[in-house]
Amino acid sequence: MSENGKSNGQGKLAMYWAASCGGCEISFLNIGLRLLDVDEAFDVVFLPCVADFKVDDVRGYDNGYIDLCLFNGAIRNSENEAMAHLLREKSKIMVAFGSCAYEGCIPALANLTTQEATLRAIYLDNPSTDNADAVLPQPRTAVAEGELELPELYETVKSLDQVVEVDYTIPGCPPEATQIWAVLQAVIDGVELPPTGTILGADRLALCEECPLTRDVKKIDRFYRPHEKIPEPDVCLLEQGLLCMGPATRAGCGALCPQVGMGCRGCYGPLDGVEDQGARMLSAVASVMDVGQSTDGEAALERKIQEAVDTLADPAGTFYRFSMAHSLLRRARTNGDGRDGRPE
Amino acid sequence: MQRISIDPITRLEGHGKIDIFLDGEGNVANAYFIVPELRGFEQFCVGRPAEEMPRITNRICGVCPEAHHVAATKTLDALYRVTPSSAVRKLREMFYMAFYVTDHTTHFYALAGPDFVLGPDAPAAQRNILGVIHKVGLEVGRQVIECRQRNHHVIQVLGGRGVHPVAGLPGGWSRSLRPEEREEFEEIARQNVDFGLFSLQLFEDLVLGNDTYVDMIGSDAFTHETYYMGTVDEKNRVNFYDGDIRVVGPDGKEFVKYPPADYLKHIAEHVEPWTYLKFPYLKEVGWNGFVDGPESGVYCATPLSRLNAADGMATPKAQEAYEKMYETLGSRRINGNYQPVHYRLATHWARLIELLYAAERMLELVTDPEITDPDVRPVVDTTPDEGVGSVEAPRGTLTHHYWTDENGLLRKVNLIVGTTNNYAPIAMSVKKAATELIRGGEVVTDGLLNRVEMAFRAYDPCFGCATHSLPGQMPLQVVVKDEEGRTIADLKQFC
Amino acid sequence: MTQEKERIGVYVCHCGSNIAGVVDVEEVARWAAEELADQGVVVARDYKFMCSSLGQELIEQDIEEQGLTRVVVAACSPHLHEQTFRTACERGGLNPYLSELVSIREQVSWVHARDKEAATAKAKNLIAGGVTRVAYHEPLESLHVPINEATLVVGGGIAGIQAALEIADSGFPVYLVEREPSIGGHMAQFDKTFPTLDCAACILTPKMVSVGSHPNITLYTWSEVEKVDGYVGNFTATVRKRARYVDESLCTGCGICEEKCPRKVVDEAFEAGLGYRKAIYRPFPQAVPKYPVLDPENCTYFEKGKCKACQILCPTEAIDFEQEDELLELKVGNIILATGYDLFDARRIPQYGYGRLPNVYTSLEFERLCNAAGPTDGEVVLRDGRTHPESVGIIHCVGSRDKNYNNYCSVICCMQSLKFAHLVKEHTGADVYNFYIDMRTAFKDYDEFYQRVMEEGVHFVRGRVAEVTDAARRPGEEDKLIIQVEDTFVGRQRRIPVDMVILSAGLEPRHDAEAVARTFGISCSANGWFIEKHPKLDPVATMTEGVFIAGCVQGPKDIPSSVAQGAAAAARVLGRIQMEELALEPVRAGVIADYCSGCRICNDLCPFNAITFDEEEQITEINPALCQGCGTCVAACPSAAITGTQFSDRQVLAQLEGLLRYSGNGAGRQREAVPAGGG
Amino acid sequence: MTEQFEPLIIGFTCNWCSYRAADLAGTSRLQYPPNVRLVRLMCSGRLDPGFVLRALAGGADGVLISGCHPGECHYLEQNLKTMRRYWLLRRTLEQFGVEPERVRLVWASAAEGVRLARIIEEMVEEVRALGPLNWPAVAGENGDLAHVLSPQALHKEEVSSEEVVA
Amino acid sequence: MKEYAYYPGCSLEKNAHSYHQSLIAVARRLNLNFDEVEDWNCCGATEYIALAVLPAYALVARNLALAAPTNGDPAQLVAPCSACFLNLSKADEYLQRRPDMAQKVNVALAEGGLHYDPGSVKVRHLLEVIVRDVGFDAVANQVTQPLTGLRVAPYYGCLIVRPSFNGAFDDPEYPTTMDRLLDVLGASVIDYPVKAHCCGGHMTQIGEEIALELLRRLLKSAADEEADVIATLCPMCQLNLDAYQDAVNRHFGTDYHIPILYFTQLMALAFGLLPEAAGIGQEFVEARPALARIGSEREEEKKKSPARARRRDKDALPMPAMPEEG
């Protein structure tokens, strides 16, 4: 970091969220006493969750004034996007921090539906809402004293790298505190940074690598939902028909979910060379589905396979639970509640 | 200088803003509290498998994912019509108490702390957790951080992950508590109790010992008389995990008490075109705008509200502290029960009392023989249909309501989350504070505006929850405009 | 898309007028040169016949003069000339795999003859795909694997025997594994063989003996192959040598044990249930090897714990009740499967009465019946063991050419039935009726035999038999078997009373054919016969390198054809052995160790067992020699840790991108954009 | 001529049956619409569902997947794996609002040139009837294919090429 | 208690009353509940379909519609008469195969306020229900008076197994289920070679000559095998063999006296029910003399049993093992 020419011997650190839940900040706070070291090493120049700065201040900085910018949250509206551009301009190193910034995360599930359907569900046909004259939030509202404004949302949730150039990515929903610290420490110690585009704070291998459950050859005859089966302890969940995204997900979290008997949902994102995590996992699990034989006859075979496939509820929402915004298709073409492919 | 409303910088900033309009005399004409974003969980959860909701809705808010996780899990119990074993219920509640301790700790020290510890007039740059640590000393700082860490450890062990836990299942929990862990957690619970007492002590020393603060708490600027909501057990004592919803009027009389599943009978939400967030209110009373008093359906659901809505605390030390607060703030006892306290800033005190309660409750549960029952994951094969579940989130009563098809895929989802309950009161408090504090166009100082912020910070608003779209912490922008809409002051406050 | 620019040459073939008649080849070449320059195209030519030597030289020249690093030829189907142009590149000094053949004949000019504009556009588009793809091709070397000169022959019927002898006689080691106690197969059960009527035993037993005594043949009877690992040239077969309870090193085959054994059981195997054997037995006198087998199911000692007659009386103390199964590991370079067939079970056609009506026999029963060494010493008699039939009905196509059972023709039944007709006449002089659908007597001397049998006065009724019944309807039917049949020549129902009925049962795949196929990694057709590599041009090879098939495993056939196939398979194997080393197409999958997390998704996906899991390292490995390059595992790997040469993601995606980017639109015309949101 | 929409259909065939079927269609001079572009794979089992998504995301209006009939796969049963992937993919695509007609799995043996030609004809008509898919616009992209072939997707194999055949 | 819809058909109300009577009695013992379809109508017998398809199917479909379940999985409709069984299952099958026809039929049904979804009713023959759903063991448990010594010729006729819709439950050429059932009842079942041959059906009305010849064959074969009774499962077969036996004797100068009983009647007897309860006595050819033989050990018994040829003198050859014999 030293060669990044920082004044007063300290690097300039910024952290900002766009559309996110704040979990990234909490995870950041969870580095615990290390916070003090961060305080030591960095001159925090923009860190909304713990310190009080104006965006004005940021606009005031010279380009590249910020050494390290941890940007979390997806790009949901023009405000998010403009903020991304501003921080990109002011930062030497732009890091997509957490699953939202990296690949859209849970908010990007909104790409399976439409803005219109969303407003309807929340303000119009909503059981607790009393909205006789169908008031909807408006971009501009004239009130007695003047005019009030709301930013407009994008139809499609985007990942950070879809709007600005990103140098590094720290995956996870949220990134595990230990990993966050590992990265910060490296920066603090001035370790030479890997080529841009690299994923930091995570492993190069799939989750299985660090998963303590024992794995065997895989054959699945149907899928079970978490409440439909009590998994055998210490045995790979996927083998037991409980969907686990582990094989298609980058390690780094420590395989926490499988260890409490809950399949991985893929929040650390795909591995190098895979840019559509969902398709990969889909292909993988389908390949090990052990249903039907050629001797069944084509019709029977097809039926058996369909039955087995249909035991996997909501494939799109499962395979793309976290990576929708970064998937090849990115969004649904219609307001899919999933059960009807046809445009309505 | 351009008009704020079209100034790109303004639109760039933060995730919530207050527009304060001044009249000719430079007095506050009106203040609007605007929440400009929406993620729309209600819609994009449709089509998802219901059992995934504990792992999806916790992403509504990274500050209180545990609240959503537990609420969603309880909703699944109802949806699948399974009654969790008492072991399961205890396990979940214990997990939830650990979360309460860390959450209240975070808020008090990291967010509210600066106001009291450093004082409202301290320079912005210091007004943060590090500032607090510098002021109260590293030792206290370490205690605070350690408290968060040990409880997050509990959350991680039981919930699978430190943030966004995954273990909730209809009628169960995906992993049980092992005996050796139990011992460790018992120790943690004891430390929590000590820390609770310590924090109350600190509050007394710092705040009650300081007249300006005491005056401030009692000052009219921070007072509102509204209805109060909270979850209570069979003895009308505060409970976070389960019970009936109880609402008391400004006078402290029970207004209504109902099982959470009946929320639609009692709660409705009002829509304004200038904000994405809806304003819940009491159906029986009705929506009469941003006013308080018994004629307004506006109610409040905060730590203070919960205490006001209850007849007391279920654990001894917390009960003591509870009585002390009401006594100190001069609440009268009417047939055994204290009258509500309407001072919003007392919420911080109430929060510390809740922290102590959570710690004590955690200790009760962790020492319960049933807590290590290994059999906590049932197989569920009932056909789901509709279900409601609720818990007391730190920021207010949290309600989830799902409808599914026979395959357990969601058809409809409705969520009324903690902070939303308080949207109207916050808006009112902010306006009131502004009106009280900004007079005759007097030049607004940073500290002064911070007091405006304090008005709403007392609610510890979490608009991540509220809009299901915003970060857990509330970044606030305060814009003060004159008659012509010119900006006199434009200040920011995050958290 | 290419990393450092490749220098690509594009060659568009006219194929006379085959392509040029529809596609504007000059235009295509021009377009490629201009529009694809940024993709690395440095030269694009069109030529009358690219596959001609002149056309090929064109490529070679350009490689040298223009320093091409990649070559795309747009001509006919790769299945025709891919090899041609690869070799051309090689001659030009370019790795053959750095070329790509784009089919604009089979896929463009011949199928879009009516729309020249569209055809030309599509040709451009396909070439663009080829160009973007070829940029990612990698130089490949074919793999060489040494070949173990030993061969495993499975099945000791005539086909297996023939194959084993051919190879052994050429001086190479053979392991012959047979499930039954003796080799010989079905042929050993037969009496005479058509059309020459020479005795089966007389021609078979000498061969059996030479197998038994051949220095290069190791014979394992009463044994089965349980598992096959490895790949062409280097197979390891695990063979279960079932306990005989006879110590072969001590046994002299004197036969006293068999003689003295008090337990007599119906011999369902060799005698087809018509005769008896002992609990310890040799299926037949000339059995090879000569050692008997003790069958514990029926042995008094194994049942009651006492008897031991055989052990007590054995002069060499060769009986060993403690003996256990042995597992042997055989290392071989090639495998020949000659596991034969099962006879159709005539009980499945109840209206023919087999099993109900005593005097209904199956073909195999009859073979034993008229076999001089059979249970009746060759006397053709009714089930009562005395009466000679005065009239015999022989029904063809029992279980064959019948959609209720098997659609196919069992090939041998006609000739076999004619043989039976002749033998019945010869042995008994009875009236003989043959009931057939069609008479199929192809091949040398067969039809002559048919004529001969006709001359012998056998009656032939063309029609499918409805039922065989003992329900007499009118005088003359009493105590007879009445054959109800529609005589399609006279066009009416007939009832023909006879004393004996012979069912010419069809041939079926072995009941366990599927399992065997799986063990050896080859495939069965829908009706269960093993699939050859090519039905005409490669009838004894299979899709699995190094595994060959001979005889009835591949489909019903007579003895001459089985022998021929046995020899053919042997010849193929010998050819392989001579090569000493085998070159394999380098289209293979491989694991990138650094990226494998050991999730084991792929572990069960390979039918050729090329994928193994290294428990030590906890990662998966692929044996390139075993891999057949299908790419299924590549597509299945959730962490993209497996990649395939010649069909890597990169190459396919690059081609895809070329196709999409230069598509213009579906038929080469302009498409107007549609608003977002689709529906 | 009147502007009729010409769908672009990407076809994936296996090397052994379906590609040969296409060859046969050619040698027997069967005529079918020119809207299909075939990509030859060794086996339909090689088909990575990602290929299909890329084709759609990159502007194709439909995708045809073709292989040997069950039981006739030259790699024994790999085409069954394709079938399993196909059905799971199809369910997923339904949720993305892609009509089933746009992505079809069909078996064609080397002898079924006629069948393949007929299926192509049929599919072109069905997709034409459905109208353009034009996913780049749907995904909020301006038709730029960058994301369809991201260098990231490729960088890894470069590391590997030698290791593969060694 | 297994629940079934029950379609008796016209014969069981009149000439085949003994069939109805005995099957109900047996069913009670076997815990089968037969719930008669309300207001059922003629099945169209074997002729109607030949005359006019649509009305024929509509006619049958009405019965199916009446039997159709108001809820859940396919109703089981039991038809004891082979003709009814065939018509009902045939109609259902064709309506499934031909939606256009089904649609027309439903238009017709709608007139009567009915509707039928093809496939929603599973048509079963009584025999199948007894051997498949109840099973031989359960039947054996009920046997108190084994039919020892009674030589029975199991006669299936044609319609029950040919053509077989909704899956054959026995071999179409040479069925054996009733053989095994009777065997369980303790009777000596003869291997009846003409068990699936034609009884003449309605030929008795059209060409008596032919009918009588067909009947003669059946009777002769039974007589040759020294059967005491012929067991049937079809009212038409029973009627022809029973009512026309005399005519056969007159026409061919033969002298057959073979009582024709429904298999359910024999079951009833074996279950220890009174002959009256089993409907014995309603037949033309008196059954009582034959039934008197029950229990009497007859020497030639062994010799005549189907396995007779398996008895080996020293030089006889073994018979092939039959599947059930291992």
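We call the chains A, B, C, D and E, going by the order they appear; numbering starts again at 1 in every chain.
We take it that a residue touches a chain if its C-beta (ideal position, glycine included) is under 8 Å from a C-beta of that chain, and two chains touch if they have at least 3 such contacts.
This is a predicted model, so every value here is computed, not measured.
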Excluding chain C, groups that stay connected where the other chains sit: A, B, D | E
{"item": "Shortest path length from chain B to chain C (each step joins two touching chains)", "value": "2"}
{"item": "Between A-D and C-D, the pair with more C-beta contacts", "value": "C-D"}
{"item": "Closest chain to global C-alpha mean, per-chain Cα centroids", "value": "D"}
{"item": "Maximum centroid distance from chain B, chain identifier (CA atoms)", "value": "E"}
{"item": "Label of the chain whose CA centroid is most distant from the centroid of chain A", "value": "E"}
{"item": "Rounded Å distance, chain A centre to chain C centre (Cα mean)", "value": "52"}
{"item": "Inter-chain centre distance, chain D versus chain E - centres from mean C-alpha coordinates, in Å", "value": "56"}
{"item": "Centre-of-Cα separation between chain E and chain A, whole angstrom", "value": "69"}
{"item": "Euclidean distance of C-alpha centroids - chain C vs chain E, Å", "value": "47"}
{"item": "Residues within chain D bordering two or more other chains", "value": "48-50, 54, 71, 73, 77, 81, 85, 95, 97, 133, 135, 138, 140, 148, 153-154, 156-157"}
{"item": "Multi-chain contact residues (two or more partners), chain A", "value": "112, 155, 272-274, 280, 283, 285, 287, 295, 314, 317, 333-334, 336, 338-339, 342-343"}
{"item": "Overlap residues in chain C, where contacts from two or more other chains coincide", "value": "526, 594-595, 605, 632, 635-636, 640, 649, 676-679"}
{"item": "Chain-chain contacts as defined at top", "value": "A-B, A-C, A-D, C-D, C-E"}
{"item": "Complex contacts: residues of chain E adjacent to chain C", "value": "171, 173-174, 176, 191, 193-194, 217, 220-221, 224, 306, 309, 313, 315-323"}
{"item": "Residues on chain B engaged by chain A in the complex (per definition of touch)", "value": "5-6, 8-9, 11-14, 19, 21, 29-30, 32, 34, 36-40, 42-49, 51-52, 55-56, 59-63, 65, 76, 80, 106, 110, 124-125, 127-130, 133, 138, 141-142, 145-146, 148-149, 152, 156, 159-164, 166-167, 169-172, 174-175, 263-264, 267-276, 278, 280, 283, 287, 377-381, 401, 407-409, 411-414, 416, 462, 464, 469, 471-473, 475, 481, 485, 491-495"}
{"item": "Residue ranges of chain C touching chain A (in the complex, touch as defined)", "value": "514, 526, 594-605, 613, 632, 635-641, 649, 676-679"}
{"item": "Contact footprint of chain C on chain A as seen in their complex", "value": "155, 204-209, 215-219, 236, 246-248, 251, 271-274, 280-281, 283-285, 287-288, 295, 333-334, 342-344"}
{"item": "Complex contact set, residues of chain C against chain E", "value": "266, 268, 273-276, 347, 349-351, 354-356, 358, 362, 365, 375-376, 381, 383-386, 467, 469-473"}
